[in-house]
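Please read through the structure below; I'll follow up with questions.
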C-alpha cells in the first residue's frame, strides 16, 4: 500500500501516522521527492482500512498494491480448484453445463425439462424457486413448493440441482440442495454470504450488475473466509450504456478472473443478453475464452414461461446447442462433464 | 404497451396473442404499415410480463408506455407525501437533515456526536450498527449492541434515529427504530423490502449503485404494495466510468424523481463523492435542485473512524455547514425542520 | 414511430401535429385508452426529428420503432457484404487478420514487422502514422513520414496497408492507402466521415468508447450515404466501471451487429483489454462469436514501443497465436484469408 | 510514479529499467517487501509513458502519483484564471450566462433571440452553425452562412458570440468569432485542439460523453501547451446506464475540476438532461456547486427548432429563469457578468 502526502503535510502528523502503521507490524519505506512525498507499506495490509488513512487531511491519496483477498487469490493457491457438486465436477479441466427453466412452474414442467436437458448432456439442473423480480406484481416463484419439485426432478433423473437463495432465513430449506446460487442482486448481501460460508454446500456466486472484478472476488472471499471454499464464479453480464441488449457480457472477465483466482468461472449467456438467439454465439465465445462451464435457460414453452421467456431455449434448441458445445469444448481442450 | 411484430409474423400467431391480451381485459388497437405491424394495448398493463411477450419469436420488440408502478406514481397521487418520523417531518415543504457517524463505535462517541449534530440543527440521528463492508476482514459494525447505543443517544437527545437493516431476521431488533434504512446494496433485496412493507416504520430507501430511476421506484413500490407507504428515497451516487470520486452524484435524479413520484427525496452527499471537502458543494447543489433533505456523516474523530472516515465531517465542520444549509434552504423556499 | 401524448394534451394541438405528419406523407393510426393516448406513424420516418416532436409540451414521449439507418440495414440488404481491400477480402465467409505495430517508428521496424506478420499469415499490415494520444507530451506519430514508411513496407511485402486518419486535411496524403481507419475518438467526427464518404477507399470504422450500437451504425451510414459503401466495423472495447482492464470488450456486439447490418465486423483484442496476454483468449472469443476478422498489435520490441507496448505481441507470440487463429477460424467455418 | 514488479522479476531486468529512468533524470526510491517489490520515481514524470513501462513482462502494475497535466494544474497556478471574451469575463468571481438557439436558422431568428437573451441578462450569444448530428439525414447546420448570421446578431446587440467548430479546415472561417466551442464529440479530436492552441481566441471545451476528468484536463492541456491559455471548461452531462434522461449531469465535476485546475468551469444544463423543464433545477444546482457560468439553449419557437427543441427554453421561460439565476448567483457570492 502506498500513501501519498499533500505538499503541505505536517511532518509531525506524518510521523504519527507512520508510528500507527508500525504498531500494526508494517514496515515503512519513505520516499521524498521535489513534488511528491510518499511512503510504501510493506507487510500484510489486508486489514488496513484505506478510507481511514484517506480521512487524514494531510493525505493526498492511498493506493493499494496487493490484492485485498487471500483465500480466493491464485498467488497463494496456484493450482485450479475443482468444485464437486454431488459427484459432478466443475473446473479443473472439466466443462460443465447447468440447464433448466428460469422458474420452476409445475412438476410436469420441471421433470420434463430435467429429462430433456439430461438427454442433451447437461450435468446439473437449474431452476428458480425463489425469484427476485423487479416488480412486486410479477410472479415471485413457487418458493418452498418449487424446491420440493426440484427434488422430484432430481429423483427422477439423478441430476444434481442448483437453485437461488434470497434470504438467510431460507437456509434450512436449502439443506439438501446440491449447489446454492447467489444472484447478481445479492452479490453484496453480506449477511447471506456469511451464512453460506458456514455451510459446505457449493455456492454459485453471480457477479453483480455493476460490481468490479475485485468486488466479485471479495464476495467470494466472504464465503471462503467463513470456511466454505466451494465457490464457483458466474459472469452474467454487466450494466453499461448499451441498450440493444439487456446486459453487456464481460467476456474479458473470464481470463482476468482465471488469472487472479483459482476458483472455477462459468458464464450465463442467457441472462447476459436476454435474447434466445444470442445464447449460441455467447456460449461459443465463453468456451473460447476459457470458461469452465455454462448456465443456460431451457423451457418447454418459452412464450408461456412465467419469467424470462425471451431468453429461454426450447429443449430442441438446447439439444442443437449442446452438439456445438461438446465440439467446441473438445476443440478448446476441455471435456464435457 | 406497444407490441411490434416481425415482418414475417404469422397472422394466426398474432391473433392468438391478441386473444390472450383480450382475455386479460385489455383492448387492442391494431396498426399495420408498409414496414411495420404493431398493436397498442389499452388498459392496465402493469401485470403484463414484457419478457413473456418478447419470448414469442414473431415479436420484434415490446415497449412500455405507462409506468409499471402505481402507489409511488405521482400521476395517481399528485400531492407531495410528507413522512412522519417520530414527530419529525420529511417532505411536504420541510427540509430535513439526518446526521451522525457512519458506524456507531461506543456510547460516548454516539452520544457526543448526537448532541453535537442536534446543537447544529440536525433533526434525525444516523448511525450504522449493521455495516455492509466490501471486505470480510473490515469492521462489520457493533450490530445489536450498536442499536442499543443508538437508543441511548436518542434518550439523551430526543432525536429520532435512522439505521440500516441488512437482513429480514433482524426485523425484531429494529422494532423501536424510528426509521429503517435500506442500503444501496440491498435496494433489490426483495425479501427484505417485502418484510418492511408489513411494518409502518418509515423506510429510508437508498438507490442502488447501478439502478435506474424506474427500478428505484419499483423497489419503493415493493414496500408500498405491502402496505407501508412511509418511504423516503435517497440518491447517494451512482457508479460510472469516472474514477476521481467514489461515485457520481446523479443530481438530476432529484427533479426527475419528484416529477414521477410524490415521495420525499433526500441526498447523501457524503457517500456520493466519498470526500469530506466535497460534502458542502454537493449539499448546496442538492438543496438548489429541490431535495427534501440531506443525510450527512459526522464523526468526532474522522481519522480514527472505523469506517468511511474520508467522507466524514467533524462536528465543527458540520456546524459551519449547517449555517449554510439553513440559509440555502430558506433561500430556496424550504424551512429546516 | 410512436408518439405518446400527455393526459392533458389539447386536442387542437394534437390535430395540428398530426396534420404536419400527414403533410410529410406519413399515415397516422390513432389509439386512445383510458390512461394513454398515442399515435403510430406509418411510412418512412427516418427524416422525422424525434427531438422536435418531443419539444411539444403536450407530448409525453416518442419511441422509434424502425431503425434510423437504411444503407447499413440488413433488412434492406439481407446478404453479407464483403469488402475488397486491394485484393484482400474482408467478410462474406473470409476471415481476415490485420496486424502490425501501434505506431510506425522506423523503416527497419515497419518492414521487419510486416515481413514477420506476413510470414505468420496476416493479410493486411496495420501501423499508425498519425497517433491520437491523450497527452500532448506523448509521441504523436511520424505523420506523413510514417505513411511513407508504410508504403515501403507494402512494397517490400505486397501486403495492403490500413492506417488511421485524424483530420480531413490529411485526406490527400491517404490517396493510395488501401484502407483508411477511423479511430474510436473520431467515430462521431462527422466532417471526417462525410469526406470519407466521397472516396471509394475501404474504411475501417472503430466503435467509440461510449457509443451505442445504433450510433455506430449511424456513423457507418454517414460514410455510406456519401457513396462509399466499403465500410468494415471494428469493436475495440467500450468504457465501463470496470478498472482492471483498459476497456471492456463488448463481445455481444458481434452477433448483434451482424443481425442488424450486412457489413463485416472485426474485433481488436489488443485495444479491448490493453494487456498482451489477454489478446489470445479474446481473439478466440471473437472468432467463436462470429467475427469476420481481427486487428492485432505486433511489435518487434514491445518494451521500447513508442505507444501501447503493454498490449503488443512479439512476432513470435503472434506467430503462435496465428496457429490457433487458423485452427479456430476453420473450426468455426471461416477460411483465413 | 510507482512501478510494482512481479514476484518473479529478474533483478537484472529491473536494474536495466531503473538505469533508463535515471537516464531521464529521475531519482529512484527502491522498496522491497516480503510480497511486493516496488520503486518510486521522483522528478518530472509527465513524459514517462505508463504503457511503455507496463509492457515489460516483469512489471505487475504502474501507478501515477502526480497529475500528467501542468499548465492546467492548479498546483502550479493557485489563483483562478479569468478568461476575457471580447470584454466579457468568465471566471474569477464573475458569473456568465451564454444563451441562444441550438442552431442558427435564419437572420430574424438569431437576431430576435439575441435581443431577447440580452434583455434578460445573458452576456454571450450562443448559436450553432456547424452541427454535429448523429444522423446524416438530419439538419447539418447553415455552416458558413450561419456564422455570417451570428455576426449580424453580434452587430445588432453587441453580444460576443460563441459557436462550435468541427474541423481544422474551418479555422479561417472562425477568425473573428469571439469564443470557439469544441463539442463533446470532438473533445479528443487532437488535431483540432492543436490548431486551436495556435490561436489566442478563447476556447469553450466541452467534456466528452465518456471522458474522465483527467482526460478532460489533458485536452485542455493540449490547447494550453500550444500557447492558448484561454480555455473555459464545460460539463454537459456524461453517459451512464440511466435512460430517463439524455445524459447524467456530473455536478461533482464542478468542485472536483475547480480543485484540480485554475480554469473557469461552466455547466450546460440544456444538454445535460435534454429536457426543457429540467434546465432550471440543474442551473440552480450548478450555481450552488460553484460553477462560473451557464450555457443555455433558448429558441423563439422550440417545437419548430431544427435541432434540440426538446431542451430549449422560450425567451419568456429564459427571462423567468434569469431572475432566479441572478438571485441565486448573488446568494452564492458571484456577480452576474
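Letters A, B, C and D mark the chains in the order given here, with residues in each chain numbered from 1 onward.
Convention: a contact is a pair of C-beta atoms (placed from the backbone, for glycine too) under 8 Å apart; a residue touches a chain by one contact, two chains touch by 3 or more.
Here the structure is a predicted model, which means the values were calculated and not measured.
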Both-way neighbours, i.e. chains that touch subunit D and touch subunit C: A, B
Farthest chain relative to subunit A (centres taken as mean CA coordinates): D
A-B or A-C, whichever has more C-beta pairs in contact: A-B
Euclidean distance of C-alpha centroids - subunit B vs subunit C, Å: 39
For subunit A paired with subunit B, centre-to-centre distance based on mean C-alpha positions, whole Å: 26
Intercentroid distance (Cα basis), subunit C paired with subunit A, Å: 32
Per-residue multi-chain contacts in subunit D, two or more chains: 210, 239-241, 243
Sites on subunit D touched by subunit A in the complex: 2, 4, 7, 27, 29-36, 38, 40, 42-44, 61, 63, 65-66, 75, 210, 239-241, 243
Residues of subunit C that touch subunit A when the two form their complex: 210, 212-214, 238, 240-245, 248-256, 259, 272-273, 277-278, 281-282, 284-290, 327-328, 331-332
In the complex, subunit C residues that touch subunit D: 46-47, 49, 51-52, 54-57, 68, 130, 132-140, 166-169, 185-186, 188-194, 209-210, 215, 218, 221-222, 225-226, 239, 274, 276, 302-312
